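My structure is below; once you've seen it, I'll send some questions.
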Amino acid sequence: MERIRVQSDLSFSRIIHGHWRLADWNYSVKMRMELIESCLELGITTIDTANIYGNYTCEALFGEVLALKPELREKLEIVTKCGIKLANGKNGVHLNHYDSSKIHIIGSVEQSLKNLQTDYIDVLLLHRPDVLLNPEEVAEAFRELKQAGKVKHFGVSNYLPSQVDMLNAYLDVPLVTNQIELSALYRDHFENGVLNQCMKENMAPMAWSPLARGKLFTGEDIQASRVRKALERAAADMNVQTIDEVAYAWLMHHPAKIMPIVGSGKVERIKAAVHALSLEFSREQWYEIWVASRGKNVD
Amino acid sequence: MERIRVQSDLSFSRIIHGHWRLADWNYSVKMRMELIESCLELGITTIDTANIYGNYTCEALFGEVLALKPELREKLEIVTKCGIKLANGKNGVHLNHYDSSKIHIIGSVEQSLKNLQTDYIDVLLLHRPDVLLNPEEVAEAFRELKQAGKVKHFGVSNYLPSQVDMLNAYLDVPLVTNQIELSALYRDHFENGVLNQCMKENMAPMAWSPLARGKLFTGEDIQASRVRKALERAAADMNVQTIDEVAYAWLMHHPAKIMPIVGSGKVERIKAAVHALSLEFSREQWYEIWVASRGKNVD
Amino acid sequence: MERIRVQSDLSFSRIIHGHWRLADWNYSVKMRMELIESCLELGITTIDTANIYGNYTCEALFGEVLALKPELREKLEIVTKCGIKLANGKNGVHLNHYDSSKIHIIGSVEQSLKNLQTDYIDVLLLHRPDVLLNPEEVAEAFRELKQAGKVKHFGVSNYLPSQVDMLNAYLDVPLVTNQIELSALYRDHFENGVLNQCMKENMAPMAWSPLARGKLFTGEDIQASRVRKALERAAADMNVQTIDEVAYAWLMHHPAKIMPIVGSGKVERIKAAVHALSLEFSREQWYEIWVASRGKNVD
């Protein structure tokens, strides 16, 4: 599978497997292991998770697999996140909020390492832009984690350009990625400078909800209907069976080297994303979907 | 006429003549030649056109003049554009879309050179921000065209700051201009950072639709009525006959060195723009029109 | 009191006293002197005024104090502003507008020096972003004023990031502050890149209307009610009597080193702001007020 190199010592598989709903699948550890092995067979080596996924349970479910089969670890790039505190009724937090303090970042990483049963994280992302982010403090936390070998690279998620610029001004090593929402139904980051900054700063973006949380298939509003029809037309032209392949390929056709995060537990759906790698768009085909999403022709 | 120097080897006449509607005028080649000669007599040496103007016909109408009187060529700066593909019923394009691929840029320039019957273009603009713009590919196309002597300078049109920053990060030579919509009725680029970037990057902007497509004269909405009255008051104060002069002068009073594109085929209207160069605004007069456009006082 | 260092030779007191309404208080010169002395006793050394405050009268009211007790001058950092021309029925101005011409800047400073009865201004701010700002001309004015020793440092007020970037590109010495509206009811600059730029460029911001012009206490709309309740809860938790202390502390908890401008003539209210310096927020407490202001949880 195509790989996206973002640093001399870091590359991602073009398709990323996402663990957002890993807990929901109710898979045994054996099933989880088989799923990861299936990903690896397809060339997917990058796994996206977060400390809070599954109400703080997904990392450990993944860690059980790594403990059971330790040789998997070095074949994978593990991306996890910190910075959100969820009010989950158990941890003494009463209101969801953000925390990018040094104590939180380092504490969260220590916990992630335990959960994941590994001794390093490939990429740590700040999950949301914390209004109270202190860039000096974050830089210090990142420096210590890197020097201790606990985290190799750092990135952000859901950041706007002014937030990336500000944080990069304080960091020793630039952010390697911005994980953002991108789909044929959610075009904001195509138009607000986020993808432009990714290209300018050589930060290949990861796309979450690349299928708009299923709305591409089932959304009933007028935009979803228009986009679904355009995807169906393209699928027919390309001779593919399902529109998810077209939706993934549509994102990957963009020059920013978008890496879709596929959050499915079914190998068939993951294979659809991999198959998307072989689809080619003409510019006119690509803009048909763009125009369907906008609801008006380009100017 | 005042000239705006943007590079050591490139300057524009402050007033630019625009060929957007050249085909609509139904002028004989002799009339087109006389129009260009009238421009030159007035000091207007910069001509703005585009591959697609007049449904792909305007460049050739201009080229006929250059073929008829080749000595005109070296007296002019020719600005043309590429990057839009129009569905015109003949070229196999079914949906208007953008194309900034290397093959399109180079192919479009080759065609423009044939149409214009010249062997170089002074400035090539990317006509609209292509969502799929690949900055490495554009940089390569620009480099080849420059090395071949086919295009001397490059710019953009209708670009937002993040798009200019991104593209400039990849180019050997910075963009020389951003051609944008600017008028007393369309203030967006005064307020969204575009003109600030032009001043920061020393990219003198060209203004299209400086008279808001005639809406300054005939618009019936409340904003157009307010602005028209303010322009009429200023015209009376300045002792000029028509509000177009005031509207041009209002743009040129801005420190970004805005170059209005005058898209008229009538020498009288072009002379009005040239006459605008001699008008002086006090700041209070200028802000009267600004406030009329906003519909509320400054804070 | 904590001080905020923005240049090697410039620091501000964390709390700034504001003279916006100095004329409204109808204080005798003795009362004004006592007020300033009370500020100094509290550690407040930075005074914010503007040429136009009190319809061009506040600077002189302050200057009378400095003339009466000249030893005060060197204990203070005086911040004043220029760039707005008010239509006040006397000065021949008929429409409020902005002016950042060299002649206005230098003339306004000369007048401010007379009004303030001093021979230097610590920091001169451009009061509003003038659409017609010519950065070369402003740079020239600033250079002359600095060389003449009349103004030591320069900043802006109510500027957006693209305006700061543009102006900084022309100045010999970077802007030292951006004075902006910030409060628990006005979050724009937390979210639009302004505070991020302040942190990136090391420009500590000054906050005007930190109590939202009293709306925190008396506003009847739903947002004001929600925020007031949240402030009251925090005040109870922190065991403080009045919500203004909490509101000031909330701003100062932000890492951008926000300096609230306290525009009260009552020593009790100024003491409340100073007392706010000792309040500590947990992140959760801070976000409770943020969420109350937004009207929805963080994502």
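Labels A, B and C are assigned to the chains in the order they are written; within every chain, residues are numbered from 1.
To be clear about the criterion, a residue touches a chain if its C-beta (ideal position, glycine included) is under 8 Å from a C-beta of that chain, and two chains touch if they have at least 3 such contacts.
According to UniProt, the chain labels map to these proteins: A, B, C = Oxidoreductase.
Not measured: the values here are computed from a predicted model.
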| item | value |
| --- | --- |
| Category of the chain touch graph - line, ring, star, complete, other | complete |
| Fitting chain A to chain B on CA atoms, where both chains share a sequence, rotation angle to nearest 5 degrees | 120 |
| Interchain centroid distance [CA atoms averaged], chain B/chain C, Å | 42 |
| Contacts with two or more other chains, residues of chain B listed in rising order | 161 |
| Chain B-touching residues of chain A, taken from the complex the two chains share | 161, 190, 192-193, 196-197, 199-200, 253-255, 283-284, 286-288, 290-291, 297-299 |
| Chain A partner contacts - residues on chain B that touch it in the complex | 85, 93-99, 101, 128, 131-135, 137, 158, 160-163, 165-166, 169 |
